[in-house]
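Look for chain A in each of the two complexes below; its partner is chain B in the first and chain C in the second.
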Partner chain A sequence: MEKKVGGQTVIFSSPVGILATSSIVGQKESEGPLGHLFDVVEPDAMFGTKSWEKAESKFAQAAVSICEKKSGLSMADFDYVIAGDLLNQSTGSIYGLRNTNRPYFGIFGACSAMGEGMSLGAMLIDGGFAQNVIACASSHFCSAEKQFRFPLEMGSQRPPTSSWTVTGSAAVALTKSQTDVAITAATTGKMVDLQIKDANNMGAAMAPAAADTIVAHLKDTQRPPKYYDAIITGDLGYIGSELLLQLTAKEGYDISSVHKDCGIEIFDKEKQNTNAGGSGCACSGVVFSAYFYEELKKGAINKILFVPTGALMSPTSVQQGETIPSIAHAVAIENTQGGLV
Partner chain B sequence: MVSKQEYDNMVKKASPNSKIFPNCLKAFFVGGLICVFGQSLHDFFEHIGVAKDNVGAWVAITLIFIAILLTGLGVFDNIVSFAGAGAAVPITGFANAMAAPAIEFKKEGYIFGVGAKMFVIAGPVIVYGTVASMIVGAVHYIVQKWG
Partner chain C sequence: MEKKVGGQTVIFSSPVGILATSSIVGQKESEGPLGHLFDVVEPDAMFGTKSWEKAESKFAQAAVSICEKKSGLSMADFDYVIAGDLLNQSTGSIYGLRNTNRPYFGIFGACSAMGEGMSLGAMLIDGGFAQNVIACASSHFCSAEKQFRFPLEMGSQRPPTSSWTVTGSAAVALTKSQTDVAITAATTGKMVDLQIKDANNMGAAMAPAAADTIVAHLKDTQRPPKYYDAIITGDLGYIGSELLLQLTAKEGYDISSVHKDCGIEIFDKEKQNTNAGGSGCACSGVVFSAYFYEELKKGAINKILFVPTGALMSPTSVQQGETIPSIAHAVAIENTQGGLV
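Entry: the complex of A and B
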């Protein structure tokens, strides 16, 4: 059976089950509107370690270990571990997961890592190469500030377009066996660059990539936006979301009634001073794991298109005056209890 | 998909600007307050009999000490986040720009961390401050000689 439809989408021959998800976040995230939903809250930004980077690794390690427990499997049952983060050479994932002792794929898709990991994991399983796969994404406010902006204690004013990197990590356990909630399709994003140079406005840089992938998915599958109860972008924030709605409308798709953004959901903009919203690999990961996945499981919603978004720049490329290429990976996730439509 | 030019206009319309007027007011008052504090230090040091030529240095050293202490206590960044240039432009901001990277990069050791990264923000200020003073000095020399 041909699984590829249209230019960028694959429809899995049998839905790839989501066995369990996990989320661990920092103090600020726990004070946001979704704070009570996360599996674990770690109030110590250092997580008992001596550096932000080591703390981020520990977050990733914790997310995978919680997910392993919740899935009822042991690490040895996972054929592959796929993980990504924002740090140079993906050290967040690598040092956190170096003791998993399982075959490992390290990925970089900036903040789209959760979507990329879930897409690749589902393809591995549906391709017959794996029974179980675990995908993980992590980010840490302090390590991201240190790498991309200023030292933490350095005084500066954040522009209103800037976003707030989520501290935490999420993991998703995928399986060939049938489960209530499953991945039915995936649309791999293309790199899109509409020449935004402002690293303090990543929502604007990423919105065209999100629009491109969402429109490609709807075209490839010939589905109207309303097919989904929610189309959930990763971390476009307030400005990026507004731009996304304008961009998709120009392509003839009005997604305004179903669109949600994890970066908007995770923080209370006014009370928490997070300007444009949350961002980081963990942003879409923990919001999906703790909130949307549970809503799907309950049957409160039945079909979502989960679209984590990533701004693919580095501090060096920004300093050299380069523009910011962006990407978005879409994963269709459905509650399959009532049988697939 | 829209053209780059068209998207640029969309982004400009969607992106809010910093609130310049309230930010200026906050910077003016906090910056002013720091200067008033500096002046009262000045008067105090004069009062306790510090030599006139040394008073300026004593004031600077005291302000730098306080700014670095507040940086270490994790308070100074909150002050700048409120007051902006009001706290960043005086000598307090320079002290913070040296101390913050020193704290942040201590994890990479005293050579490649603290030593190398301490000047990552303040370095350019020192370099271009020196270059500017050289240019001004040269201009002064030329004007004096031929003026």
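Entry: the complex of A and C
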């Protein structure tokens, strides 16, 4: 197959295999509708450390270590590690993965990290630069609240538009070898800024970026939305998802029958008091790793467009009255055995 | 030529052209030994904005815009923009480049950003995913001091080991087309942590990472240090450079006759009171763009190994007593016309 590059989309010359995925989450995530699917549950939010930041690093470290084991490879077989998170200067990933002893590309795409990492990883493999790559993303409810909103100790009221940052980490091992589930295409997002300023309404800030990337992908590939069994955004939640459906419909694409959102899937809104839904780099990561990837492997679904979404603000930019640019990176993932079982 | 991948190093199947570079700096940088070489000098540290962070974004925006003009291409010709900086959640790059309307990969490698961006950009082009890529890195003395050390208003004394963050930004336009100066190889760094804890001694923290990547490159390619006219680290400064020479010598590589450091080149230590030297993502970026790239184009030098270096801590990690992991990414850049003029 020839590599095709058009618009923002790359169709890989041969599908880039997914060798294994891993997920580790906190207590609250384990109590949600997907709780029984995650590889490991760590009930201690501090993960035995003295800070939430150190705990987040341990989540990232654990995700990579579990993924390494599940892949059947050893760390030395991975040509690159690519990772990102939400913390200042990406220390969740850096301190968690500093001992991997592998060539390392740090990325920053906020909660789109898993999409960016899988896209770059697939390009490095399809481009001939790597045999195996591991991509990782992490987030932590407590470190994210401290970083972006208010210290938890203040007991601030959470507005209905607010989302709940997922505590956990996911890793995905990509390979040149053939596997049942593989990445077939990637559409790299542009930054989109629709002048949203409310750091408690990430869904609204990210929906335009998700719409932009999904429409670009469908146009570039000339595929109807139904080509996919599911088009899965990262963490738009209830409010952002509604906006997304409106925005894509405006562009002539009705994705309502295939759209899913990891932020909606991970928590039970009523029972878990999570308002607009789950968010954070780990949200799309762990939901893909534990749920959608397994469904693809089983052949319960055969083609998905996985679209992690990120809100690209900092506490400082918000305090300085800036709007919130966003980005979404899409990865097409298919069961390459073909045919619905 | 065939693509070669060995150890941490990739030798590209055909050299990835450098179409243009750009540099914009602040007043202090313009008063240094290379001051006359930069494309633009912006004497206002606030760049007409209300904050140092917003100013840094304007530096990044300007660097990309100047590079676009010098390249003879328009923004729409660039398949990807890759950028990184030091600020929390990479807002220097994000707010500066949010209107480029191009597929965007955010990276975080601290002051190694230009090395990471050029490496990934070259891989995307050589891998067949892009015709043209623009890589950008920025930093700002005032925003960096506020972020990592003390508010300037405190007037803290700067220890002799401290470096001076360069205010400015650089961009590099890469292309598949043949040009006189091109990237021939890239060695991606591993994180190295030699347990340095002093956030005022970045040189010491980064030297082991620089040594690790340089030695890996020389081993992978079986080249002696003298293969290069210059091996140029990003911002080790005086103290870090001395350590680097010791560390590489220990591994059997005497690089003393070819080693240069952008942090040493950019300021006049005695007259400018810059202690250990210049630092920041922009340091290696602007020195490469304005000086070494032009020397390569003229044929005054023909082969360099450009090794931007980054210290991967955050203010939070330092306050929590963590050590400072570091990383260095090497890019081999050659005048492909060959032969010393």
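Going forward, the second predicted complex is superposed on the first by the 334 of 341 C-alpha atoms of A that agree within 3 Å, B and C clash if a C-alpha of one lies under 4 Å from a C-alpha of the other, contacts with A are read in each partner's own complex, and residues count from 1 in each chain.
Going forward, contacts are C-beta pairs under 8 Å (C-beta built on N, C-alpha and C of every residue); 3 or more make two chains touch, one makes a residue touch a chain.
Fair warning: this is a prediction, and the values are worked out from it, not measured in the lab.
When the two structures are aligned on the shared chain, A:E322 is found in touch with chain C, with no touch to chain B. Of the two partner chains placed around the shared chain by superposition, chain B and chain C are both touched by A:K50. Looking at the shared chain after the overlay, A:G189 reaches chain C, while chain B stays out of its contact range. In the overlay built on the shared chain, the residue A:R102 is in contact with chain C alone; chain B does not reach it.
By the touch criterion defined above, A:A330 reaches neither chain B nor chain C.
Of the two partner chains placed by superposition, only chain C is touched by A:N88; chain B is not.
Of the two partner chains, chain B is the only one that A:P151 touches; chain C does not reach it. In the superposition on chain A, contact of A:N201 is made with chain B only, not with chain C.
Once the two complexes are overlaid on the shared chain, A:V172 sits clear of chain B and of chain C alike. The larger set of touched chain A residues comes from C, when the choice is between chain B and chain C. Taken together, the two structures place residues 50-51, 53 of chain A in contact with chain B in one case and with chain C in the other.
Looking at the complex, you find that chain A touches chain B at residues 50-51, 53, 146, 150-161, 192, 194-196, 201, 204, 208, 211-212, 239, 242-243, 246-247, 250-251. Those residues of chain C that touch chain A in the shared complex are 3, 5, 8, 10, 13, 50-51, 53-54, 79-80, 84, 86-91, 94-95, 97-110, 116, 120, 123-124, 126-130, 188-191, 193, 312-317, 320, 322, 325, 327. Within the complex, the chain B residues that touch chain A are 1-2, 4, 7-8, 10-11, 14-19, 23, 71-72, 74, 76-77, 79-81, 84, 87-88, 93, 96-97, 99-101, 103-105, 107, 120-121.
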